[in-house]
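Presented below are the structures under discussion, each in the form of structure tokens.
In the two complexes that follow, chain A is the common piece, with chain B as its partner first and chain C second.
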Partner chain A sequence: MAESLQKRLQSELDKYKSVQKDFQKYVMQRQQLDAQLTENNVVKEELNLLKPDATVYKMIGPVLVKQDLEEAKQTVSKRIEYITGEIKRVDTTTKELEKKQESHRDTLSKLQQQFQQAQVKAAMKS
Partner chain B sequence: MASPKQVDISQLQVPQLEMLRQQLDQEIELFSTSLQQLKIAQQKFVESEQSLVRMTPDTDGSEILVPLTSSMYVPGKLSDISNVLIDIGTGYYVEMDVNNGKEYFKRKTDYVTKNLEKVQPMLQEKYKLKQVTMEVLQTKIQAQLATKQAAAKT
Partner chain C sequence: MDRKIMDIEHITRLKQLEEKELADCEAKLKQWEKYIADYRDLQKSMEIYPGEVSHDIMVPFGKLAFMPGKLVHTNEIMVLLGDNWFAERSAKQTIEIAQRRIDHLESHSRKLLEEKHQLESRLSFTEEFRSIALQQGDTQEIVEEYDEEREKQWREEHKKKLMAYKKKLRDEREQTAIHETTEVTASSDLTHEDIMLRLDELEMAELAEKEMKRMEINDGQQSAEDIGDHNSYTSYDGDSDYSHDYDKDDETEEEEEEDEEDEEEGAEPHRIIIKHTPLTKESEHRPMTEFSKIRCPADIYLHSAPAMLKDPPTKSMLKKSRKGRVKDVISNQNKEHKKVCFNQGIKEHEEISLPREIADLIKPKEVSIESKNPGQHTTTPQSMDGRGPTAVRQQVRETPAVRSVVRDRLDAPADSSKLKTIPKEADAGRPPSKFRANRLGLRTELPPDRRDEGGSGQGVGFSPFVDVTQTSDRENRDVQPAKRMSKFKAQRLREQQS
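Now for the complex of A and B:
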């Protein structure tokens, strides 16, 4: 009885840990996306402040390539769009994982209680 | 991240307090690194602006040493002191004249300083919260120990 309970406890704990890991991964991803979004917004602001005839270069690998200001603006806007979409996607996944985490925590604490009760019973018998 | 509803932490149990403490620790670490990075960024912008101040008309054509590596230099001449190329982020570089460049760096320094001023009070707030949490946690643990000892005696 106690052994099977222990096994269940262990497998539940493993599951919880793996969910926790996933959760942390997504939180990290979210932070990175946030940083990218901020940087792109800053660049967009800066590009909007420029005169239309300003010279803009884009770094491609180790070389600087001249680029049209309008084109640069469009690229940055598109990037912002993409990143915002990604953030939404990551947010929904983190919310799901959070719920999963909570349900795992619940079952874990229940199992723990059962386990403790079983132990107390065993101690009483002996 | 902020909890929407007010919770009286003296009502919390020890494990919950422990979780709160861990969360606060993480947040403090995050804010501390952010603060450091912002300070580094601020320093960089200030330095760049100061370099631009040195680009006066009488430095036109003056000899400079261009670093090829960190320990090897080749002599060169300043050919254009009125325009500079500035990295505005995400791989974009813009050609600006010195005055615009100075304005750009001023703007950036202001931006970073503003964010610094935002993060600093947040960090202090977290420190205070952590201290309170630790105090409550300590009293709870001590109370638990006391009841256990009292139970052991009887």
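Now for the complex of A and C:
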């Protein structure tokens, strides 16, 4: 009885850990996306402040490639939209993962309790 | 004692965690400050670069070597805007960019500072808890044990005790009641009377409430009985504010009862008993309620529509040769009927704004009519051209004011063609109407279409009053038409002669 309980406890624990890892991954991704979003917003502001004849370069690998100001602005806007979409997606997945985590945690705690009770009984017997 | 030790452990652990967080926060803050300092340095160097056309410097070559060289293009600076985007800017512009970034960073660091303050306060709280746990300070911890099962037990016991107590109270009350009834026999009549009075009041209140509900449900349908009962209710209540009453359905009953009680209790030594005899069937209120329903001129038509349909189409009295004479419009059959009704309505409900509105409305209309040559019967106001009865009815619906004023005019015995004055003879027997005064200034000429419409058209504005009950005025009016008929003839004759 106690052994089966123990096994169950172990498996639950493993599941919980994996879920937690995924969760962490997504959380990090969200943070990264957030940072990118703010960065792009700053770039957008700066581009708006530029005069139309200013030179703008884009770094592609080790090369700086000259870009048109208008083109640059559009590219940045599109990137911003893309990032926001990604953020939304990641948000939903993080929520799901969080729920999963919760459920796992509950089962884990229950199992732990049972395990403890079993231990106590065993201790009493012996 | 065990618990206390545990508390201390918890508290110490909590304190450790909080301190750690505070340390993290401070580290972040330091980092941000470093960034800001870097940017400030950048700004300073930007001021230096354009100072010379070319700077002599030692240029780094790889990791380990330097070479003497010159720094040219001192004003052209490639700035990283972010996300692999670069822009070529001058030194001054770079300074501006740097400033913007500094601002950004400073706001961020301010938030961090706030966070730090919060953490510090939290830490101080935990310190307090620690001192409490150790009983070092003045405060003492109060611990209440909560055991669910015990609570349940207590609740059940409480219920039992409560029931027992209530039963005891009831028994006691009964005992006292029995005593009272056995004792008091002399004043039994009085109490009985009081009870009966009370019953009466409650009955009335209930009845009134029923009426209220019925009134709400059957909004359009009016029955005399309803009104009759409603009368008693309203007079009972003191305020005849119908719309107000309709809204508060449940409250009114309570209020009534409260009113009763108040009225009763107000005169402690003298009992004020309020009883109401039901009014006569034809309640004066009926037109009142009708009027209260009428919020705009169109409502007159809407509410009178069923009654209007009852009117039989009447033959027009008009003679083609006649010039626009108001008196010709009336048809023999319906004249007195409608006249009575309208006058009745106007007479009795002077407080209603509607006639006023009618008077106001009519003025512009009249002007337009007057503009036309009154002598030509064929000329019609353009609005009336080529329209049938339905159209006129429409017109009437939209401008009942005209109708009602016309009614007034018709009421007066026929005047001269201009209808400027109302002959005095007709007025002699009739009680004065304040609308007469209004009318004196007004003139109307009905378009031929309306004239042709005869009674049925005119009935539109006045059928609400068709069922108005009789009063003394009515009898006068009954007399009038006959007189007026002759008057018309007389006038006509007079004109023909002149």
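Basically, the second predicted complex is superposed on the first by the 126 of 126 C-alpha atoms of A that agree within 3 Å, B and C clash if a C-alpha of one lies under 4 Å from a C-alpha of the other, contacts with A are read in each partner's own complex, and residues count from 1 in each chain.
Here, a contact is a pair of C-beta atoms (placed from the backbone, for glycine too) under 8 Å apart; a residue touches a chain by one contact, two chains touch by 3 or more.
Here the structure is a predicted model, which means the values were calculated and not measured.
Colleague: Superpose on chain A as described above, then tell me if chain B and chain C fit or clash.
Modeller: Chain B/chain C on chain A - steric clash.
Colleague: If you stack the two complexes on chain A, which partner ends up touching A:64: first (chain B), second (chain C), both, or neither?
Modeller: Both partners, chain B and chain C.
Colleague: Between chain B (first) and chain C (second), which, if any, makes contact with A:54: first, second, both or neither?
Modeller: In the superposition, A:54 touches chain B and chain C alike.
Colleague: According to the stated criteria, A:40 is in contact with first (chain B), second (chain C), both, or neither; which is it?
Modeller: A:40 contacts both chain B and chain C.
Colleague: For chain A, which residues lie in the overlap of the chain B contacts and the chain C contacts?
Modeller: Correct list for chain A: 39-40, 42-43, 46-47, 50, 54-60, 64, 72, 76, 79.
Colleague: Under the touch definition given earlier, write down the residues of chain A that touch chain B in their complex.
Modeller: 39-40, 42-43, 46-47, 50, 54-60, 64, 67, 72, 76, 79
Colleague: Can you tell me which positions in chain C touch chain A when the two form their complex?
Modeller: 78, 81-89, 97, 100-101, 104
Colleague: Taking the complex as given, what residues does chain B use to touch chain A?
Modeller: On the chain B side, the touching residues are 85, 88-96, 104, 111.
Colleague: Give the list of chain A residues in touch with chain C in this complex.
Modeller: Listed in rising order, the residues of chain A that touch chain C are 36, 39-40, 42-43, 45-47, 50, 54-60, 64, 72, 76, 79.
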